[in-house]
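In order of appearance the chains are A, B, C and D, and numbering begins at 1 in each one.
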Amino acid sequence: MSEMKTAAYICQGCGIAERLSTKQMAVVAQKEGKMQVVREHAFLCNTEGVQMIRDDIAREAVTHVMIAACSRRAKTEAFHFPEITLTRANIREGVIWSQPESDEVQEITQEMADDYVRMGCAEIKKMKLPQGAPNKARNKRILVVGGGMSGLTAALESAEAGYEVVVVEKQKELGGWAARLWKCVPAKSPYIGPADTGISALIAAVTGHPRIKIHLNATIAQTGGAPGRFQVQIAGESGATTTEEVGAIVQASGFTGYDINKLPELGGGKSPNVVDQAGLEQLVIEAAKQGRPVRRPSDGGKVRSVAFVQCAGQRDGSGKHLPYCSGHCCNTSIKQAMYFKDANPGTDTAVIYTDLRTPGMGEDFYRSGQNKGVTFTKGAVSEVMTDGDTCTVKFKDLILDEEGSIEADLVVLATGQVPNSGVNIDIPEEEQAQARPVSILNLTYRQGKDLPQLKHGLTDSHFICFPYETRRTGIYAAGPVRRPMDMAQAVEDATGAALKAIQAVENASLGRAAHPRSGDLSFPIVRLEGCTQCKRCTVECPFGAIDEDEKRYPVFNESRCRRCGTCMGACPVRVISFENYSPDSIGSQIKAVDMPDEFSEKPRILVLACENDAYPALDMAGMQRNVYSAFVRIIPVRCLGSVNTVWITDALNGGWDGVMMMGCRHGDDYQCHFIKGSELANYRMSKIDDTLKQLGLETERVTTCQVAITDSARVAQLINDYAAKIAEIGMSPMKGFA
Amino acid sequence: MNELNIKYHNNFLMEVEENVEEGKWVKMCMQCGVCSGSCPFGPHWAHPPQELFMMVRAGKRADVLNSDSMWMCTSCYNCVVRCPRKLPITQIMHGLAAYANHLGMAPKTQPTRDFSLLFWKNCTRTGRVNELRLTLGLYFNDGFMAGIRKGWAMRGIGLGLMKAGRLNAFELFKGHVCKDRKGVHAMLKKAAEIEQRRKHPAS
Amino acid sequence: MARKEYAFYPGCSSQLRASAANYLTSTNSICKTLDIRMTAIPDWNCCGASISYAGGGELSRLVMNARNFALSENHLPGQDIVATCAACWLGAREAKHKLETDAQLLADANEALQEAGLNYSGKTKVRHMVEVLIEDFGYAELARPVVKPLAGIKFAGYVGCQTNRPFGIAGESFENPKYLDRLIETVGGEAAAGYEQKVTCCGGALAFSETEKSLKQIKEIVESAYDHGADMIVTPCALCQANVEVYQSEVNKKYGTKLAMPVTYYSQLMTVAYGGTAKEAGLGGHIIQPAKLQEAANNPTPGKQ
Amino acid sequence: MTTPIATSQTILVVGGGISGMTAALEAAECGKQVILLEKSPTLGGRTALLYRYFPKLCHPVCGLEINLRRLKGNRNVRVLTLSEVSRITGERGNYTVEVTVSPRYVNENCTACGECAKAVAAEVPNPYNYGLDKMKVAYLPHDMAYPLRYVLDPSAVGTEDAGKAKAACKYDAINPDMKHEEMELTVGAIIWATGWQPYDAAKIQPYGYGRYPNVITSLEFERMSDPHGPTGGKILRPSDGKEAKNIAFIQCAGSRDENHLRHCSRICCMASLKQTQYVREACGEEGKSTVYYIDIRAIDRFEDFYQKVRKDPSVRFVKSKVARIAQESRSGDLILHGVDTEGYHRYANNHDLVVLAVGMAPPVKGVDIPAEILADSSGFLEPGSSIFGAGCASGPLDVNRSVQHATAAALRAIQVINKAAGEEASV
């Protein structure tokens, strides 16, 4: 784009003109804002108003536009000018709707509006139209790690959408757990009996697919690069490695069954007649191969009675075993009991459960199990005795409220799924569990070899609305490695993960950000000559986007980056910025406001509000006419993580009386969309007290608070309380020194 | 295996399925307890229906058949219309009671059992119920003196009904009857035979 | 030729000189008014009722009903069987349902019926008198003959169990059936709104064998009627009528209460409203006298001398 | 309104709840053209009417905000509100879809300034609060509504309110003469994300919903707990407006019941566990919650939340399907009758409010859709249908799984249009 031509448009609609002097705002834009074109309009968002702006862009070659009207969250369809740089001053929600309508406050309300115009004008001059990451990454192949049900599904679905796929499976054949099942729980009606797993058909489809390449007996020796340009070294049996270039990765590394030897009280490892669900599948498959009924492992005797113990080593509160429920086990036990009932209704099968969990259509399957004569009893199993060829399951029958016992030839322990999620990068390697976990991806990332884990070793997303947020752009977990699940869900999950992988390569090829700033073309630019190699950016990036080169300089991988600006906030020397969001674009706004002197009794409070939750809450405060102090000036930020302490010190030096930061909730149930942003801000601000003392300022002059998007009433209260506090401690002594 | 070892095996369940009216439904209970909570005589059940079903599945044969719980069923059908699994609970209760009685395992002095037998005897004797005999029969069921006592206790009612013309002394001598009594009896005899045949095809 | 014809199944208690004779009397009266011809099934027999289960096996109890069906088919072809007694209706209705849904049972039943020289095709419909009134006539039709609206009398509509569950009257709910209240209003009476004990069980047959246990329920059924300021209880069920009326004295003995709540049949209300005499309404047959209804019966019909 | 240009390269998403929005956005962010159809005046669906999500107790509108921002920034998605599919013909790769658009009576000029709402007098039951309160006939569905445009309720048309609203609008945005419109769309793939319906609680007769004012549904309870809801976040008894402190949660209200819904609705256990925490939030130590359940279905890592609530002394669990509810006519309190089946204990428990955890019924049908659509025994869309189910239209799912499912549906749709375009090989 050629040289900058700025324009300011001031809307008079929605009561703005009735409440404020738009003329004066126009003057401010012209005189102080130095806008080259300044226009007022009675109804800026209507076709005529928008056409006026378009004409200026076309005829006057306007490149930078500041619109003073409603919130940037409103009228986005009308004010859509992708070809120019745009910012908006929030005069409607932010001023006239949040301020009372009365003459005595007219003056301070007008000051508020004027300042927002000043800030908008200051900001727009510091913004550039983002061009998208320069070194675009164009590889669109999808790497699928794991050749089980999830992996094969992800591979086939991606290939069917037209994408090249590379599958890496550590075993010598495809199929994973699914291939080790005799039958599976039905995924569609009728839900009356065990169904075919369909795995062989899937294997055939994958192996026969022209766009799918398969590596068997292979593991990932190393993964470097970024979305659109991953370099993956695949180690074969011999140890020799081949390198594949791919654009995105689906990690479907599956799960390992919980070791029944850890359950001796339930007979685990003490008798061949006590097996886990996988063990039973094996027995059934062997029997089927030989065309005979399942025999008792210990002596090949007849199996007349089978007992299924649910939640074995699961839902455990003691901390010894798995704390979670694996979801599929109830249906799986019903299915396995049906194996026996379908073969010989005379065989006794009992399922001992505490909560039977057969959600959705599983209820039909449960009914069918009962109908086939499977006995269900609500009981807590205390012990499985394994002396002799018949086992005795001792339990408390919770319905009959008495001790019960079942004699069984075969006892099946419904143990849980342990995710194959590799190394837990959040604890130092030396502190890793004695059984040193083997890394799955062997990422060369500065922040560790594998995907970050959420809890219980699961690589699940923390976000309910966004299940594919793995904190490593372009790498998506699918299937039981992400969360315990049954086969039907794994298929859905893998298909969804495949889409996210495809989306990642498409975004990377256009130098575009992925969720939550989807489509953002800006990207972090670093002035390395100023860098002090402090490594804060590389350590604090929530998405592991920044590596370090041998000289310990940061290496930015744009296509891994989510544009949250945490690095920008972290940088003590302010060498990191975005084209349209930088220390300067915010700093200049802070400096732009008209600062009344200390006798004016007009304090100024800077509010830095997270644009994801706090800013919408403030908008809605306006929509609901929740009045707040006219002394605040609100600046939306991408995330509190992007707040650089220089803004705070600049503000205080510039005579601002208080600085308030509004971010998302942090802690275990954090709601920050960039994972650690609000927490980091909180941490950084805790360090700022010394600076304040040096300046001879009260620590209350800087505060941070956690705000939810629904806090439209609370934000107003928070502001007013803080304004009162500032009034209490008095005006800043720094005024006039700047 | 003795009864202790066949706990939670299907032996007794199968016995119930073969011999008890609607017994094949017992296995379908999911232990929600809505039946137990719906019964107007609930407090008088040592084991409410859903518990009886669990006991059947747990193989507690004697405990079930000796119980007088199922004799508490008033045939109000509350449980039936509320059961989320649509079990015909009223019929199953009647069936269990009848089967216990058939095996001679029902509690000996169970008034409803006595009344039930008496009613059937009474109504099949002539094809129609003889209310006076039925009432007296009930009183005198466990001994003459007891009958006098109960009769005396209820005399108000008896006399009241007489006065109201709703209990008729003349029924003692010649009450309501079916003309074709012979046919009725033959029919019932045959029905009994057929039921035997169905239960034990061998014999 | 009557307007409507049905095969009548009175049942043991609703026959002449039986405990619910007054139900029969009043039913006959309204049939006269509505021009319904009810022909008793020749030589009908007892349905076995729910209570006979320990005595007779499933099939035995079934054939008792099948016999009535067969007789009806032979002698009153094409006519629906109509019962007034809730227990008789339910017994028959259930039997009918089983024979319909189980071909084996039907075959067995017919094998047994042969002994009595009978056969049942499985066609006949089994209905309750209330169904006939509501479905074949409708409330408007039933209101037409009303000459003596029962204004000023408040009735607690006690539906009980067996006309209500498990089959019930089409379109009615198990927990809060409304048809009885509507019948009461149809004849100009006031229905006690929100009468909670509407569908509470009176103990049924167990009122005889387990009187002590049943009294509590009967007490609640009656007391709730008092709480709602009802002058009397109305019911469609002979057993409910008997239990709730007859055992009030026992309740009083046991709980020291002074209950004396009359219990009547809807058919008695209709008879009186249609201008019938106390005798035609069978109002003599009560232990606790439905005074207000008797009064109404004895008052001259407006516009008649 | 002009019919948007659509071709066999376009994906149609029916339903603007979180599943539909997700499917549309995920496809659009892969560069595909999408039309997103919503029958109500705003996107957001049912999740927009929830107070908090389990297990994090975070706010659904937070995710809605992000999705709306994705939508505002993405020109590949065209949104049609107040629009319903009336007929679909054709097959995969080439469908013709007939759409009926109901009038909003408010055009694009609307700035959401709210003057029309001030002007009108009449009120109607507010569907966004499940009828617990009323709203003006000129209204903004809620603060997160998208499009951010007012709506004139059809009941106002032809009344003087319509005139008042029109007069009050400076921007000529209100037009009471708008008519229904029919449009025909050509699309390559269809994603069916029509969500779910709460089961009609009145049908569960023993619980007296509709007869007893203090028996409410779990969805009504969500609105009641929300500070932006009809009671300002106070849990108030409908009968007398008193604060409820002793609350019963009845699980499987309709679900797992052959008289009602044959399936398990999956979410209700977690929803009630979550709502017990609302009681804590609203009443503190005084709040008491009792959960009546058959099996607590806290699947996979939701178990953590269940264990947390188990430890909460203010929450009691009773393993029992409540048999019936009676009302104490004087106090309006409710007496729950039943049997705790863990060892047979009869109870008659008094509560001042009862919340029925109503099940998920499939979306109401009545659309003329191609025969090859498969439905299961409960009427949910099955895998293998030519039209791709997304979210709860295909079965009872929680939000997380709905989104997962919708993301998968987006890929299935992309496969179809890529094949139609013969792009597969060329990617």
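The rule is simple: contacts are C-beta pairs under 8 Å (C-beta built on N, C-alpha and C of every residue); 3 or more make two chains touch, one makes a residue touch a chain.
Fair warning: this is a prediction, and the values are worked out from it, not measured in the lab.
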| item | value |
| --- | --- |
| For subunit C and subunit D, chains touching each | B |
| B-C against B-D, pair bridged by the larger set of C-beta contacts | B-C |
| Chain nearest the global centroid, as defined over all protein CA atoms shown | D |
| Rounded Å distance between subunit A and subunit D, as computed from the means of their C-alpha atoms | 23 |
| Distance from subunit D to subunit B - Cα centre to Cα centre, in angstrom | 50 |
| Subunit A-subunit C separation of Cα centroids, rounded to whole Å | 67 |
| Residue numbers of subunit C (touch at least two other chains) | 174 |
| Touching two or more other chains - residue numbers and ranges from subunit B | 30-31, 50-51, 78, 81, 85 |
| Per-residue overlap in subunit A, given as positions that touch at least 2 other chains | 356, 378, 399-400 |
| Pairs of chains in contact (touch as defined earlier), listed by label | A-B, A-D, B-C, B-D, C-D |
| Touching residues (chain side subunit D, partner subunit B) in the complex | 206, 252, 256-260, 294, 319-324, 337-341, 344, 346 |
| Complex interface listing, subunit A residues touching subunit B | 305, 346, 348, 350, 356, 366-367, 370-371, 373, 375-378, 397, 399-400, 404-407 |
| Complex contact set, residues of subunit B against subunit C | 21, 40-41, 44, 72, 74-78, 80-81, 90, 94-95, 97-98, 101, 106, 111-117, 119-121, 123-124, 127-129, 131, 135, 138, 156-157, 160-161, 163-168, 170-171, 176, 178-180, 183-184, 186-192, 194-195, 198 |
| Subunit D partner contacts - residues on subunit A that touch it in the complex | 13-15, 43, 45-46, 70, 73-77, 80, 140, 157, 160-164, 187-191, 211, 315, 317, 323-327, 353, 355-364, 378, 398-401, 455-456, 458, 460, 462-468, 483-485, 489, 492-493, 495-496, 498-500, 502-503, 506-507, 514-516, 518-519, 612-613, 616, 620, 623-624, 665, 669, 671, 673, 708-710, 712-713 |
| Subunit B residues within the subunit A interface of the complex | 1, 5-10, 13, 27-28, 30-31, 50-51, 54-55, 57-58, 60, 85 |
